[in-house]
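The data blocks that follow each hold one structure.
Next come two complexes built around chain A: one with chain B, the other with chain C.
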Partner chain A sequence: MKNFEYIQPGSLNAVSTLSKEKFVSSHLFAGGTDVLGLMKDNIISPDRLINLKNLPNMDKIVYKKGEGISIGTLVKISDIAENEDIMNHFTALAQAAGEVASPQLRNVGTLGGNICQRPRCWYFRGEFDCIRKGGGICYAYEGENKFHCIVGGGPCYIVHPSDTAVALTALNASIKIHSNGTMKEIPIREFFILPEDDPMKENILEPGEAITEIFIPELETGKKSAYIKLKERDVWDFMTVSIAAVADVSGSLINNVELAFGGTAPKPWYDENINKVFINSKISDLETNVKKIFNDSELLSKNKYKLQLIRNLTKRILNNFSA
Partner chain B sequence: MVGAYPSGAGCSWPLRSLYKCPNLKIEEYSVLTNAGRARAMRAPGNVQGTFAFEQMIDTIAEKIGMDPIEFRKINYTDVDPDWGGKYTSKKLIEAYDQGAKAIGWEKRNKPGSGEGTVKRGIGMASQIWWGGGSPPGYATLKLNSDGSLNISSGTQDIGTGTYTILAQVASEILEIPMDKIQVTLGDTETGPYGTASGGSMTAPTMTPAVYDAAVQMMDKLKSGAAAILEVSEDELNYSNGIFTVKNDPQKTIDISKIVNELNARTLVTTGARNANPDGYAINTFGAQFADVEVDTETGKIKVNKIVAAHDIGRAINPMTLNNQIHGGVIQGLGFALFEERIMDSYTGKTVNANFHDYKVPTIKDTPEIVPIIVSETDTLISPVGAKGVGEPAIIPTAAAISNAVYNAIGVRIKSAPMTPDKVLNAINNL
Partner chain C sequence: MKEEKNMKGISRRRFIKGVGTGIVGSYVMLPTMKDSEAKITKSPKDEVLESVRTETLETTINGRKVKSKVEPRTTLADFLRDYLELTGTKVVCNHGECGGCSVILDGRAVYSCMLLALDANGKEVITIEGLMSGENLHPLQQAFIEHDGLQCGFCTPGQIMAAYALLKKFPNPTDEQIMTGMSGNLCRCAAYPNIIKSVRGAAKKMNS
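Moving on, here comes the complex of A and B:
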């Protein structure tokens, strides 16, 4: 591993300045659970690590009834999973946080880090010089692609690995970003990007920018949220497919629903047209209605099962709302 | 597949040796692959062979409308089908019966007949393996003047309990408490030759060597006691480290005093593993039973329970033995559901060479495991009567799970690991 500098600045402005310095490659560091893995596997080799730990007030959860909840970027995944306000009002996020990795990783990993973690494509993490690392080809496209995406791919076919990002997408969260001395707020549904826009990045962040907090607006009355995830192993495993839903279901009628899909696309997948299939539909029609979604997917040689899986899990999560 | 260098083991031994079948033709060949070389594995080849073969046996039983256990029982063999040798001991029928009872075999339904999306199934598979041990294997005993005992041997304990069982065998014969026995292993410079950790050989090879050394030690002590007490050896009783003259119970001597009075400082004996009996086949047998649930919407298999009924001769230490069975079953569960080397076929590189993508089961994936020992002892092999268990424990697990999965959903999954994608593809005919 290459030598690197390790800095713990005390202000956001210092973070910006340090990470934009010319001829120095810098990388932000929160819990480090992903950054250290990336460095050990030689996927990144920064000259400078900028630890965000000393930034003030970024590890707080503040809930204001009727408005929403603000979660600092440095809040630990385990604290999100166990927070009463999140469990009661933003259930999908608490459930998604509880599904992340293992207890040890949840105790160290942060929300900002979880959203910004790099993809898990095994070619990307292995010794393959693929498109996402600046190389010429996607090894997964005709290779071992059972965990790869079924929509939104090309020229790279990753799935976004974060559980919390899927829940936050359904919950219509927004991301507050410090950008060179000013703050901006971006809806999470516009935060992630597809490979066709830039195959070497997963989100819109530029050097000098850092997430400070995530805000989720209070759900309208009648709406509830949930998250389900299929993983091969019962713990310490990324999603094969996951779904977050915010829904208003009364009896057997789905009045309203917003769905986000994980393990499906290079970003948490959100599509108004999918919601429309289920809005004002009956629970008893789910079996036929799920067949209307993801018909435009591009299945790869080894991920055909995902289409059926996504439809089955959609049925299951919506069924659970009426149970 | 044998990797880039020919080495490894065949898969066909269970097919050749598990049942009586007068007309059997087996063809087995190795394929060189442009991959890494074959590596050591618990019960090499037999886990794989049994996974395929015991599914075939279930399929045949179903085709002729017979209960899978009944079918196995009528094809039972008393002799090794390969060369006709009689088994020193074989308790496979007992394993079938006790295992079936423990899993609740009578509750088993027709394949795929369960209601709802999550379907329950019960299945079983048999196991055969060697594991009788053999010469050479030696152990040296040193009895010290304070009455403590050292055992040394070049064999090793890879976490299986060798230290404990060697001490136990010596303690049983010499009646020296376990806390006065020290065992030194893993050093061929200080200890005599001991067997390697392979073939489930350690317990059945090394415990008889210690037994032999302990019996020799007892002879030395007895003749020493007789000389010191001036009686004949027949006139002595021995209990808990003390010799007593039968007709004169006041006259006693303990073993540490014998060592001192003989001015020996230490008494030393070296024992050897006895030869195996001529003309016999020596094998371990067992049957494992699985109770599973298959979620037909996600393809995920959950194992609720594994019953592992094994014939391993004498259970020297039930606790370390059960640990071996737990370990074998969990590793078998990994083979059945999770563990797979995924190789990129264009480059020959393994893409999941880490403990995150190569998934070994965690405690959350591990079911209730119920070990049952159906054997008492096998004194034809050695006076200790133990056979090995390290490999037998892993052999039938995946096959039992796969037969249970078939019983649950009525669809056969023919390759391991049986991951959700394969199960969904099989269910949906993709």
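Moving on, here comes the complex of A and C:
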């Protein structure tokens, strides 16, 4: 890891100015658990790290009944997993946060950092000059693609690694971004981008911009949320596939549902047409209905199993709501 | 920190490091090395070229105040081992995947290899060396011996620090809480059943 300048800006405006300075490569730094990994592997070698941890008022969780919850970008993942308001009202997010990495990383990693983490593709993290690093091809396409995407891929076939991002997508959160002196709010469903738009980025953030807060609106009465993650190890692993659901299920009838999928696409996957398959359907019809989703998947040589897995997971999460 | 170099008492580790940097240093480092900087700590890492960026770090390690100049890229694990010679903290994977470098930062278990030393500024760090009181082992250390919670022992300092944080949070942990709390620490010898017994045993002893 090459040496760098470690800057402690006192305001968001200073963050913008510093990260846009010419001839100096800068990187934002919060918990740092992903950034340090990238630097140790020489995926990035910034001249300057801009520490966000000392910025004021970005590490608070504020719940207002009937409105929603605001979570500062610097809130630690472990504090999200154990927050009573999040557990009670935004269960999917607490469950997803509890599934992130290991206790030691949850104690350091932040929510903003978790949704902005870079993919775990072994070609991207390894010594391959792949598309995501500015190279010519995606090595996973014809290579080892067991953990790669089944939808939304091309020209790069990563999956997005964040658990919390999947939960926040189902919960219809919005992301507050400080952008060169002004604030803007973007629905999380529009925050992430596909490789076809830009294969070298996973989200819309530009230099000079930083996430300040994530807001989740209160769920409508009758709706509950949940998150399930499948992984090869019981603990401390990235998802193979995962699912988050916000649903209104009464008895054996699914009145309403919003689903988001992890481990399936280069971004947390959200598709209104998938929701429509299940809205106003019966739990007893799940077996046939799940066959209607992900039919347009582009399966690679070694990830065909994910299709069955994601359909079964959909069945399981919706069944759980009726139990 | 005070520099006390006793050549007779030089350790094997210090000797090897000294020879290593000596070979390179005699050509590259010595001509530009500032005497004043070299005296700040014991580590050869502080014998730096003037152009190299350093920052001042002030932190508390095992109850002792420490002030030192470090390069921003120094991880907390490297700082503990190379600057302070607290080599109980092990760097194994150096990628935040194994838990061997676990220490306590302001009451919470963290991987010291995935944390910049400068991020410990103004905070309190406890390492495995900080658990003993005088010559007496901490109940957790004793429990790992009594319950045979190790084989090769390389992961043990990290296991004990993770267990320390766990028992601070849950003095009477359930088996599930133990397994979750210890899930960030790998043991290649797979001594897991006895690690769990050790944590359970230590909890019992510490509560009695």
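Definition applied: the second predicted complex is superposed on the first by the 323 of 323 C-alpha atoms of A that agree within 3 Å, B and C clash if a C-alpha of one lies under 4 Å from a C-alpha of the other, contacts with A are read in each partner's own complex, and residues count from 1 in each chain.
Here is the rule we go by: a residue touches a chain if its C-beta (ideal position, glycine included) is under 8 Å from a C-beta of that chain, and two chains touch if they have at least 3 such contacts.
Worth saying up front: this structure is predicted, and the values here are computed from it rather than measured.
Undergrad: Once chain A of both complexes is superposed, is A:236 in touch with chain B (first), chain C (second), both, or neither?
TA: It touches chain B and chain C both.
Undergrad: For A:3 in the superposed arrangement: first (chain B), second (chain C), both or neither?
TA: After superposition on chain A, A:3 lies in contact with chain C alone.
Undergrad: A:305 contacts which: chain B (first), chain C (second), both, neither?
TA: first
Undergrad: Touch test for A:139: chain B only (first), chain C only (second), both, or neither?
TA: first
Undergrad: In the superposed arrangement, what residues of chain A touch both chain B and chain C?
TA: 234-236
Undergrad: Given the complex with chain A, which residues does chain C contribute to the contact?
TA: Listed in rising order, the residues of chain C that touch chain A are 52-53, 55, 71-73, 75, 94-96, 99, 102, 105, 108-111, 114-116, 118-119, 162, 165, 179-181, 183-185.
Undergrad: Okay, in this complex, where on chain B does chain A touch?
TA: 297-300, 337-338, 342-347, 349, 351-354, 356-357, 359, 361-362, 364-365, 419-421, 424-425, 428, 430
Undergrad: Note which residues of chain A are touching chain B in the complex, please.
TA: Residues 122-123, 125-128, 139, 142-144, 146, 230, 232-237, 240, 302-306, 308-309, 312-313, 315-316.
Undergrad: If you look only at chain A, which of its residues touch chain C in the complex?
TA: 1-6, 32-33, 36-37, 40, 49, 51, 53, 78, 101-105, 107-108, 234-236
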